[in-house]
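Structure first, commentary second.
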Amino acid sequence: MPATSLKLHVGCDITVRAAADCPIVAMLRPASGLAQWLSSETYAFDPWVPTTEHVDSYGNLCQRMVVPQGDMRLWVEATVETEPELAVEPAAPFTLVQDLPGAALQYLLPSRYCPSDRLLPRAQQIAAGAAPGYAQVEAIRAWIQRNVEYRYGSSDVSTDAAGTLDAGAGVCRDFAHVAIALTRALSIPARMVVGYLHGLDPMDLHAWFEAYVGNRWYTFDATQRLPRGGRVVLAYGRDAADVAFISNYGPLQTVAMRVWVEIAPPPRPLPPAPPPLAGPG
Amino acid sequence: MPATSLKLHVGCDITVRAAADCPIVAMLRPASGLAQWLSSETYAFDPWVPTTEHVDSYGNLCQRMVVPQGDMRLWVEATVETEPELAVEPAAPFTLVQDLPGAALQYLLPSRYCPSDRLLPRAQQIAAGAAPGYAQVEAIRAWIQRNVEYRYGSSDVSTDAAGTLDAGAGVCRDFAHVAIALTRALSIPARMVVGYLHGLDPMDLHAWFEAYVGNRWYTFDATQRLPRGGRVVLAYGRDAADVAFISNYGPLQTVAMRVWVEIAPPPRPLPPAPPPLAGPG
Amino acid sequence: MPATSLKLHVGCDITVRAAADCPIVAMLRPASGLAQWLSSETYAFDPWVPTTEHVDSYGNLCQRMVVPQGDMRLWVEATVETEPELAVEPAAPFTLVQDLPGAALQYLLPSRYCPSDRLLPRAQQIAAGAAPGYAQVEAIRAWIQRNVEYRYGSSDVSTDAAGTLDAGAGVCRDFAHVAIALTRALSIPARMVVGYLHGLDPMDLHAWFEAYVGNRWYTFDATQRLPRGGRVVLAYGRDAADVAFISNYGPLQTVAMRVWVEIAPPPRPLPPAPPPLAGPG
Amino acid sequence: MPATSLKLHVGCDITVRAAADCPIVAMLRPASGLAQWLSSETYAFDPWVPTTEHVDSYGNLCQRMVVPQGDMRLWVEATVETEPELAVEPAAPFTLVQDLPGAALQYLLPSRYCPSDRLLPRAQQIAAGAAPGYAQVEAIRAWIQRNVEYRYGSSDVSTDAAGTLDAGAGVCRDFAHVAIALTRALSIPARMVVGYLHGLDPMDLHAWFEAYVGNRWYTFDATQRLPRGGRVVLAYGRDAADVAFISNYGPLQTVAMRVWVEIAPPPRPLPPAPPPLAGPG
């Protein structure tokens, strides 16, 4: 966490409907880490069902439960300290593949929605003239922002980056998939991020991406004209397959959903401190 | 999480005093997992300082910050679904070392406060006659509960299990260390657990232990006459060295502290659900 | 390792050609584990270049080096104790998603070459009538073995399971991809395995798959009519993207390759043991 | 691996004797990694018994088997590329605790044989005047080398660093324990390393330590007057409890042992390469 931070109050209220008992894995609890600090949170569901939590291979918190037949409501809210501004470093150079940390290598591989193995010529064309590294990623990001149309209903859960490039339109997850696939084609690790973005309009859960250049991860968002901070991360992964807000193993319908991201009000003052300890601590 | 659960509201309010800026690692945030579900939490400090969080090799959440010179207050509270009753299985057999999961093997090794390598004769004597497995652990636990005196001030942060056995007295962490050291001496994996116990008197942060028999971990507490559920785990480790609530790397004094564990009040009802989505979800 | 084992001597000799220095990640070193025991191995390359090794998120050993411009030869051989017969358990039941170990969940997700999200109707049709679990997987495996033609040149590195189903032909990796995608569509975790198979004709590096039913992983191979043991695993992953024998980040050509799998000769007798230690050990 | 390397052929031949079947965990297989490259190895035992391998939380390879009643011989040899010279950087500064990587923090904690919590005054006295960081570690190392006597039989498996300081004598593991305990007392992460050292006289398995300063691990050896490369690592850990060559869970006696470390002979030339592939690779 940087010394300067932005405190956001974020949350979502989701109602799902199951025709029969349906096991799910949710990724709706933000983790504290290097990039954000979780001050408070509430994770409720109605009806209450026994729930376990585990950590996946990316470090994401995964909540596992069985949605009983009928409607179930998930309510998650959190207050999170996050970065008010994105780090922007146009001169950050390409990191040689042989110098990447081992854990970054998986983000070079093609994945379900990011068939980077098929997009090298396209990536080279779009990033032509950009210096290897951050500038290439920014060239890709800006090209998508200018050339792919943001249009609801233009894609579905099976659309991959190649399909979006063909269609010329998509939503935030499609924008991220195209950017990730093109970035990986240039041998730059890229990963999907899902979470909240302050000021998004219309408000919704959001998806963006990170790329590894100049020996660190940088955040990019192909849906926005300019870099914007105020992001709360829910999960990292190779693409949307890894970081679905809810993965359901049986039919499940989302019947209502509301998302909010606000500047957090000042915290309630703490109650008076307990009296000093009498003896040695 | 079992279908039946006990919802506890737990927390602590700690004031520490640093003569100079002092880096610390705190383990004060309960994790959701297999054994407990975190419904809500607040983690605050005053003054606010940049803080990061990482996960240690045991899976514990670790908060890292620098306590600035002067007084700093840490306030952590959480509402947690936990098991109302401990699992008790007197017939659970010894698990052969060759059949232990790899991750349990480290809990057979001697550690800073649990020099199990020196306590085999003592362990054999105390558990004599007990069937290999759970019954041995329970024999050790009960022996400690009857024969070691709970007395504040009888030990300090350098006291290990052998020292406590010599002194015949200790506090909860010493009871756990003795139990763990004796249990490991019998080739049964044993680990330290720290957290909250409902009904503890006087209320404080607490320490107990788990032993691996019958192919799973069971909870034991040598400070209590009878098995008691209502526990919220903050951290697991080999002994107190791994699971200090606060590890400080410089002089730091605890000047005030309050701990609470209560049956959680019924949750606030959720606000009305958002209207159904217009189109297909 | 079971008490009965088959000792195989396996190896490969690969010559690659790089037009310019080319970083690669190789997965050519078998790991010892639960399923196989590595008795001896040699890993050589010519010319020699500095090489590091790391472990990926699946537990695979990954060798990282830069192939210098020109030809480079990789020579890997190993003697491995492995299972002579595959475990076959037609009655092993479906494991409920809520009961899967956390680490198995990732193998339910669609991946680059296994778009299971698009294949549910096909999977249901092929496995119709089979009891949930092992029998479903076997129905899928047998259907592929009977209905997909093994034909070199029918696919390339961008062909996914849907493409192979359309084409009706493929090679071992395609057979595995189809099986994995169909199996996952039924909410059964499935993963790709690459390595050596004794008796394969013509001999080559091979690919097959595992499915998680009845609370464990079982091995299946859609290229074979009958279950065959004698396998040495090089890597596990979601699909071929994760477990390429060589992932190259720049142009690289395989110009020669030889693979061998033989019953290992009896080991050389060990030299005489050293004399007993004089004093206490 | 650096471009310049030293190729060593190392091995050990150990005979153990069990009065009854005795489960053990051995750490006798060197891993390839960042610091060394494994060219070839053989791991044999007589009689042969089923064996599994797992990776512990430090990344060490652990072989698990049951030594049958009677004598059993373990034979391990390996050819390893390693660093001919140790990195020496007297000016490497202290890394602030708040800047340490999360994974290094555990090496600040006291452990079974390194009760650093009791040795701060001693460490401050020994390192007085040294610049914070590498120079402090070197002051500790040199002090031990000059002031602790290397004497077989002066310690046993229960001797910790405080005991060795009192006795003024010990063997390599004791030297490492004292160094680690004193280094940690100064808030510098320190870890135990066990393995082979070229030129050690008399030849034996060896123990030394590493300290984290200047943002990386550096190797130190308190048994040697001058820095010496030519080391092959078998395991890393907090102290000898973590990295025993053999941890036995039942009575087990070492009745014979021989260790060798030699400059590896030039490798056998590879057989002729296979003919080029006919078609496109």
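Each chain gets a letter, A, B, C and D, in the order it is written, and its residues are counted from 1.
Everything that follows uses one rule, which is that contacts are C-beta pairs under 8 Å (C-beta built on N, C-alpha and C of every residue); 3 or more make two chains touch, one makes a residue touch a chain.
Since the model is a prediction, treat every value here as computed from it, not as a measurement.
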(message) Counting hops between chains that touch, how far apart are chain B and chain D?
(response) 1
(message) As a test of understanding: of all chains, whose mean C-alpha position lies farthest from that of chain B?
(response) C
(message) Nearest whole angstrom, what separates the Cα centre of chain A from the Cα centre of chain C?
(response) 31
(request) Please compute the C-alpha centroid of chain B, do the same for chain C, then give the distance between them in whole Å. (result) 41
(request) Could you list which residues of chain D touch at least two other chains? (result) 54-55
(request) All pairs of touching chains, please: list them by chain label. (result) A-B, A-C, B-D, C-D
(request) Would you mind writing out the residues of chain B in touch with chain D in their complex? (result) 23, 25, 54-58, 62, 64-66, 96-98, 102-103, 105-106, 108-112, 114-115, 117-118, 157-158, 187, 241-242, 247, 249-250
(message) Taking the touch rule as given, give the residues of chain D at its contact with chain C in the complex, in rising order.
(response) 1-3, 5, 13, 15, 29, 31-34, 37-44, 46, 50-55, 59, 61, 63, 73, 75, 253-258, 267, 270-271, 273-277, 281
